[in-house]
Amino acid sequence: MILTLSCPDRTGIVARVSALLFERGANILDAQQFDDQETGRFFMRVVFAPGEGAVEDLRAAIGELAESLAMDWTLRDPNDRRRVMILASQTDHCLSDLIWRWRQGELPMDITAVVSNHPESTYPHTDLKGIAFRHLPVTPETKAQQEAQLWKLIQDTRTDLVILARYMQVLSDDLSAKLAGRCINIHHSFLPGFKGAKPYHQAHARGVKLIGATAHFVTADLDEGPIIEQDVERISHRDAPRDLVRKGRDIERRVLARAVRWTLEDRVLLNGRKTVVFTD
Amino acid sequence: MILTLSCPDRTGIVARVSALLFERGANILDAQQFDDQETGRFFMRVVFAPGEGAVEDLRAAIGELAESLAMDWTLRDPNDRRRVMILASQTDHCLSDLIWRWRQGELPMDITAVVSNHPESTYPHTDLKGIAFRHLPVTPETKAQQEAQLWKLIQDTRTDLVILARYMQVLSDDLSAKLAGRCINIHHSFLPGFKGAKPYHQAHARGVKLIGATAHFVTADLDEGPIIEQDVERISHRDAPRDLVRKGRDIERRVLARAVRWTLEDRVLLNGRKTVVFTD
Amino acid sequence: MILTLSCPDRTGIVARVSALLFERGANILDAQQFDDQETGRFFMRVVFAPGEGAVEDLRAAIGELAESLAMDWTLRDPNDRRRVMILASQTDHCLSDLIWRWRQGELPMDITAVVSNHPESTYPHTDLKGIAFRHLPVTPETKAQQEAQLWKLIQDTRTDLVILARYMQVLSDDLSAKLAGRCINIHHSFLPGFKGAKPYHQAHARGVKLIGATAHFVTADLDEGPIIEQDVERISHRDAPRDLVRKGRDIERRVLARAVRWTLEDRVLLNGRKTVVFTD
Amino acid sequence: MILTLSCPDRTGIVARVSALLFERGANILDAQQFDDQETGRFFMRVVFAPGEGAVEDLRAAIGELAESLAMDWTLRDPNDRRRVMILASQTDHCLSDLIWRWRQGELPMDITAVVSNHPESTYPHTDLKGIAFRHLPVTPETKAQQEAQLWKLIQDTRTDLVILARYMQVLSDDLSAKLAGRCINIHHSFLPGFKGAKPYHQAHARGVKLIGATAHFVTADLDEGPIIEQDVERISHRDAPRDLVRKGRDIERRVLARAVRWTLEDRVLLNGRKTVVFTD
């Protein structure tokens, strides 16, 4: 089982949580804590082998403790895989990579659907066998309806997490709000540098010596959501924008994959407009 | 206060440790655990603000618990700085960098002495003001006597940690054993590649595309001690051995500095011939 | 057109090569030289837009110059794509990635065949549509025959370059010699560390803090061929061997892809048991 | 000798330059070219062993060719070391590191002066022995006079290159213009992210996962000058602003040192608001 929690800091949190687990026969396998001295908020992730009692009793006991400590918390059996929807557009390198990793067993999730504003034939080389595909075309005029369809699909499929795998549509403020904390985007620059459109062309024009990618939670404020993971790669004056796009595909794929895996493993906790990431 | 411990894994360790701290009014600021499922050994580092009671009572209570759980443990007030001796030879880039960082406040330690098999005039540009310097020359014939002097100095100065900052003498098995777990060496290759002498020349001859450095605890088995930290840098066919030496100086400095800082902050725990490093 | 050459160093090589190109109306777009002062050998790669004359005349003129300077040289129109055979075994992450990149247009090559000692059904998620697949099973007893089949296939398909994409069979000395300088292997360690079998398990046992992968030309001397490219990734005590395997897949894929692309673009020149790589 | 040049691209530049060198008995040791297809500008750096003739004749011949091809060019004997002035303020990690590397022989330059708006006693641990030190205090009211003194000193000492080694004063537009292309600044962020003051605090507030530093030529447009080199390091939620400052010192030192060394070796050519860097 994986328990995550955050709450106002005070003495005794670790003691009370670990005592609660111990009394129920649980064995802690891995644990990380973080006390944000700036905000006075405490964060914790505990992986444990449960004891013999019913999980529901444990959940109730944690709930009681949580209330008394004003905790935000989650408790999840790693075997209860998250339900994930992937959104894509014209380019499919992130989509393709996520599906490949999922088939390799790197990403413990169930895919509820792949959704695109382009038809399935856009992805002839991505192995979508056995995955529900939905084509939801969108124009400036139909954006509201398309988002309504999308939201309905998210609800109907009981999707926990939405991944924008280079989905080239900006979500409305309304949908962003509905998906707060459970929608991950990959932006193809090292934020906060090169916000907005065509970041590789911006990077080329500025003459930077490294390019990067950023995985972040989606918020109504474009390219300003809490950052989960970033990485960079070295470039040189020889690299034309098309070379940056090629190198960028590699960075985007690995940054998004890490952010998704960490989220699926309950390693990512929100801390205001930032994240706490208990990496492995 | 910083508590580190390792012991055979069993249920309730975290609970018992955190309860003990909580009962004495301590507040846990940072904690990391690791359960090595291969060896069945549990590792923990806890940083806490102590409560009002005497530290000695706390120490006694931990000692009692430690005995019942067969723990190796340390408890240290970060204000009780470690006493560190630095050994150097002809080149002084690691020595110079350690002293610079210490003066910047990056390395919380007291320097008991800088010891070299070369005279102090070897280091005209290293600021040794206010630091005890000892010249202990060595020849194959006098090696045993020199090590005896060195060992006496370590004892007389109550040195906790010895750093071989490119000290070009191999310690005897006997002295290595005496310093087990408290002597750090920097080897100028990415171990286990290029053991032994002149690793940059070996790397050049082999045509590798990255060179590296390794900070490790010293053991009688040369270049086989538990690794604390490693890093690498990219090279190309244009790099002659002298370029590797230059690039290597940068890698060695930062790898050794990280290993020393982590050790000073009680982040490095021995796990057989490996280490557990609770990085920041 | 791309011209590569290497020869004993002497004055006037660049002048004579560039004059030859200029006189025939060629425009140099990119050029890199390297003078190995250790071996006295000169290396050059020139990319140029040819003038109006016939390429065969240019080739003849270069041939004449090459003879007088004792050059090894190649001249290739980038539109004449190299003919490449990919060999794989049980795991398909490298195979899958190469094919994906090839379909993206990252790797300018024609695939003559994918060959495996396992049947095509081993790779249900790799898009082999339109690619010739050959199953060449092998046992210790049939190794010689299987290699004979393989060699015949290489000749019949006029294959220029063979890629061992985690092909888990050691080539015989004889076949290695036949493929000298045109067979690339990906080894899943940072050579010369962890040669031989199960390098990730070796790395875990040794407790290194970085793992890596190495792309090299195959020679009869196992894991000792000229290195083309290497890269590493950080690991921690938390990583079990299966985590190293997972992280390693990412490193292997990008290291092999870079080595293959550079080779296809005539950027890799042999320099004894080392390589000169004129990177972009 | 090192020749650098840039000019509008046309056929025959390499041929004419290399023929000119060959006819005078020079031997090319290393050469790199770059043809910027976007701007139609050609860049070249050639290292050669001169023949027997007088250097001044060679210089005249190059001058003639340069005129006919509208070249910007430099020709320099590596033994004629550049004259460099270093400006510093309160923190001295970059100053200290540059001087250390210079004493190690890593930076082929003569230091004309170390100039600071703070007194020499600010740097008790930096070895300024044998280096001219000038204290030029500055207030908002005296800024114009101080810059006049600085400019006079630059002229009097025949300084070729000015390094702002964490000099915390913004140069006026006028002085920036006078020093165009020969004044290098180190900015403590990964530009274009976090321009302006206190970038590490900005980075902490934004929650980025990597921090960086940027060495660039100074222009009137603050933090917008041509970038020479950048690098980054990984951080986590555990890093407070003071930790970013500490980690940043390491990045700043190595980024600035690389940019300075490359400039001293004539590897950095201006290309509009960008740079061409022929790295080693």
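So that you can tell them apart, the chains are marked A, B, C and D in the order they are listed, and the count of residues begins at 1 in each.
Keep this in mind: contacts are C-beta pairs under 8 Å (C-beta built on N, C-alpha and C of every residue); 3 or more make two chains touch, one makes a residue touch a chain.
All figures in this text were calculated on a predicted structure; none of them were measured in a lab.
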{"item": "Set of chains adjacent to subunit A and to subunit C", "value": "B, D"}
{"item": "Chains touching both subunit B and subunit D, listed by label", "value": "A, C"}
{"item": "Homomeric contact subunit A-subunit D: same or different residue positions, threshold half", "value": "same"}
{"item": "Mean-CA-position distance for subunit D and subunit A (Å)", "value": "41"}
{"item": "Subunit A and subunit B, separation of their C-alpha mean positions in angstrom", "value": "37"}
{"item": "Subunit C: positions in contact with at least two other chains", "value": "30, 34, 37, 236, 238"}
{"item": "Partner subunit C, residues of subunit A touching it in the complex", "value": "30, 93, 96, 100, 103-104, 106, 124-127, 129, 236, 238-239, 243, 246, 249-250, 254, 280"}
{"item": "Subunit B-touching residues of subunit A, taken from the complex the two chains share", "value": "9-16, 18-19, 21-23, 25-35, 37, 51"}
{"item": "Subunit A - residues contacting subunit D, complex", "value": "34, 36-38, 190-194, 206-210, 212, 226-232, 236-238, 240, 271, 273-277, 279"}
